[in-house]
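First the structure, then my questions, so here it is.
Which chain is which? They are A, B, C and D, in the order written, and residues in each are numbered from 1.
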């Protein structure tokens, strides 16, 4: 293992960026605790950690999008307090954020120079053709040929939009570029452009902070890797001969490794089929999907992000209607065609995009938990507030949700607690079949562990779970069977066994 | 911050009481004589019922601007059929309301045109229909129908509507689902709320109640006129906002907004005449009170972006 | 490139041409003459100018329901100022009187919105009532005919075209226009990108004020008399520009919104004029206009599958 | 939670106090106060309504009475509310310009219930059934109106005198009694003199809309030579004149109008307007006199009375100058004349005197009395 405690520093050298004792709290969650962090010139620094470990918060603070509660930052030894992203750009620090950062309705060029329009001011007006030309130049410099600068950006694909953002970040000629989990959205071509530019920056003695979940990629391209966990920096290591697994152990924390996933190594479920899916096809997304879900089974579905599995999840819940094929709840002999029926027949769904799809952020925890179960607790259309409260309280107790009261708005909960609320609404409804789309996305390790053990508990109780996940380890660790999708088709179905490895599965995914 | 929210919730009540005290003092108590209170009730009843209907729509974060013209056309239908047979008038008014509600709701739910545009267009269309239905003038109702404008009918009617609507809004799946749509339509859908059905239902309720208002209004004034209900939709909007209803709907939508807002507007109109404030100034007083009330009661923390 | 442009122009012209063709077929003698066309063209400018102003506010995702009251009040202030100061530079006083009043009133709107932190729809309803009252206390605006050269062709067309150009450039070719569109697209991303959201919103209102000033100047020149409306009825003046704006939005994919708004106004005026020449009673006009708008917007606005429409 | 409970209890106590206790505290003894006449009017803006209000306030001043104005926007529900509110305010009598015949029964009912006299201004009741219903009430005093059919008729004749052949009518609210009557008058005159009515547009209340409509007519009907403006308080007339002027059709297209525009002198001088009627804002004044006498305990009649008056017609520049001088700058009836119209100050005053005064109202009449 190639861990050294901190990078060797030459004391007299002033580092490019120095972050000192930064703290940040979001209403109730402490996102960063006393973070100390340094980046040297000409260095590519990897930043890894579980979801919710504070990487993006740190990146946002460095690039001026949010402000720290306290602590200070120094750039080249001088105090650096960016008030906005534009300030950061002026100090030669730029970022490509994880979310979409281009605006519909503006042209590519306008997006590229958003906030910097005055560069093209001529007698008070914008020289749009000049702007288009410059953007053409900028795009071409980074080898992006197929994007027209005067096109409305809403017509571009997600990847192209990300490339535009990337060009925007590079255009300011940054001393420090932060790339926050962008590669997942890029194709091979896009990645090539990205890494070529990163290498080019390095060759000019500039630095990059590279945030990614793809540890292989991080190890391949970075000089040093900083590992974060629960808002704190765990360690900084030089890559050298570092192995992915070692890195992962650092990220997760070894003591958790044993009890993290379920302990049995054999698939175990009843023979009763609860959900039969046959020949399900959604044009342009997935084709001829057939499988059976059994009582007490955890069925994993894995694949690349765009392999169709997320849409498949929505279809199983009746939110999308498939072009052909059927979904049948076997016990009730009921074919699912819409989400109201799905819920009525005991199916629950945990969406991937929790804040938009899973929760009503501006509603109370109670309202969120009770919403799917209203028809269960109503008596002749009457819903007693007492019953509602009891239901919500039983849900929050079961999952140990940290909150001030059940009337608290979900907006102010931490990611893990939000996820618990989303899960809890299906648990209190006593759903037989749970479809979980990326259930551990963006939540910390402790909650993750509790969700895994909860799944185990449910399995023992005879509930069936379909878990859609992009994390292979999770799939291997929890599922009884794993369906691997590629380009919308079932490539292989693995049964749980002791020696199942990620490599084996990846082989069928790509 | 939590304390502030608690206080903000009662500001509409406070405002109502303040206004009552203020005008009682200014009119030396004649505002709160039994006779005048009856009057205020009589004037507020149509507004309150219409507001109750719109509460359901606004709790989903949508708007209903078609109410003014709907009041006109349902009144015209009521008056037209009253000439044939007085018992027909109420059902016809309600049917008109149902039809318009269905149209509004379906356009929103299935064609996904923003409700602001739909209801504005429907406002124009219905105004035109009203003018045609009233033969560009007015239709009188049989004199004996004027007797229906009595407290013996109105008080039980209003109480029944308030109780039923309040029950549905606060204690049933329907009300909770509608507010869930306002809080987050996608999340509500993913939790099993039949969004389309609820949208149509909300407009249906709003339409039926407005149809009822059209009938009440005709009975009260004795005529359906081509101008009946002109700009009534703004009165409703003002009253609801005055009562603390957020434009975004959602969990902070409160049922009492309709009643408090309607009463406040009626008391303001009545009180200012009683005090003898110059007609030219009355509107300005209303405007200032409106802005002040909303400024104090607006729950900023329950809205991400103020638009 | 050129071919695409030609196609775009064709698509843009389909709507007005179709409406024209329908009325021409129905009333070839009355509707067909050139003068009718010319008058429709002229009349479209007045609501268009307000609609262009409205564009700046509505693109930001805000509402301004007070524009009717602002037009009335600015025209009254401008006219009475001119008459008070007396002869000499009458037009200049009139123009700047209207303009300054409108901008100041929109400044009040913007300040009200930024300061009170309540939704713009509510702020502008409240302020609308106050503006109406103020206008009512000032009395009517009676503009002598000698000062109303801008009420007739070709002068009104000149002002209209200048406004069109200004609106086009402000909306498309200035930093403020870009930032307004950016905030309309996504307020949060724009804020992260360093756009000063509060200030840009204020500028949006002020730009709206500029166009309302021009509109009130033309309006009083055109009719010669403006009588204050009270009890919120000034909102009736909001509807014609608003309808044009909606059509502009509907045509957004094929042409720039500023042009689209103008085409929208032309089409609406065409529908009304057509009905006047056919002798359709006024009462049907409102109805047909409403139906027409609903159809156009209904066809043109295609919400994405999971888009939330309120 | 606790504070909230305490607060709500306190609030409900306050509320209860306000509801039941307060008016005893505030209650005052009845005292001598001036007569209060409630007026419900369609608007408080615009030349016609402003003049009506100011003229009534002047008359009330002279007689030591007070006028309470409430605005109804011509909407039935608002009119009913206004009457209720005015009665609740303690008005001794109420007058209103009803938006339509059909609402009158309700007004009468309200007047009966609260025993407050009611009268109409600007209006007569066309519907015989409603008229009978209203006349059966002891508290319906009467109404004052102009002969609007005659107004339309004589203005139509004036157009014919100018040699017009093809006319259009721009009128205000469809369904409004006054507007409809003028329209009937015009049509009658046109039929008699052989003028073609090419088109008509209604609901036009402001200058801009009128100008738009007039332009459309001018463009679509090149043969047009007359535009009749039915009313609308001066705005539509102003807009119509502008449109005609802008198309250089002055002299070719003749305009007649009811309700004077803002610049009557010039319009007549430049021959933009052939003839116009107006000055009928004195009409509510007669209603006021009727009510005042009733309230004062000397009702002029024990029946329902209808008083008819004539508007002022202007056809020449000197007419216009005289009108401005004698009617606008000064009240058409001075203090003494007003006082003489009340039984209180003039014992022998009778209804027929009032009828005579109203019928005699004209420009010449005013000039005669004041010169």
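What to note about this one:
Note that contacts are C-beta pairs under 8 Å (C-beta built on N, C-alpha and C of every residue); 3 or more make two chains touch, one makes a residue touch a chain.
Not measured: the values here are computed from a predicted model.
Least step count on the touch graph, subunit A to subunit D: 2.
By count of C-beta pairs in contact, B-D exceeds the other of the chain pairs A-B and B-D. Distance between subunit A and subunit C, defined via averaged C-alpha coordinates, is recorded as 45 Å. Chain centres here are Cα averages; for subunit C and subunit D they lie 34 Å apart.
Counting partner chains per residue, subunit C shows two or more touched chains at residues 136, 230-231, 233, 281, 283.
For subunit A, the set of residues that touch two or more other chains is empty. Shared contact sites, meaning residues of subunit B that touch two or more other chains, fall at 131, 136, 186, 226, 230-231, 280. Chain pairs that touch one another, listed by label: A-B, A-C, B-C, B-D, C-D.
Those residues of subunit A that touch subunit C in the complex are listed here as 65, 84-87, 89, 97, 100-106, 110, 114-115, 117-118, 121, 124-126, 128. Of all the residues in subunit B, the ones that touch subunit C in their complex are 60-63, 107-108, 111-115, 117-118, 120-125, 127-129, 131-132, 136, 185-186, 226, 230-231, 234, 237-238, 241, 247, 280-281, 283-284, 286-288, 290-291, 294-295, 298, 300, 305-307.
Within the complex formed with subunit B, the subunit A residues making contact are 317, 319, 339-340, 342-343, 349, 351, 356-364, 367-368, 370-372, 374-375, 378, 381-385, 409, 425. Only residues 61-63, 112, 116-123, 125-130, 132-133, 136-137, 187-188, 230-233, 235, 239, 242, 246, 281, 283-291, 293-294, 297-298, 301-303, 306-310 of subunit C touch subunit B when the two sit together in their complex. Subunit D contributes residues 3-4, 7-8, 11, 14-15, 18-19, 22-28, 41, 44, 53, 68-71, 73-77, 79-82, 84-86, 88-90, 99-106, 109, 127, 129-130, 133, 173-175, 180, 202 to its touches with subunit B in the complex.
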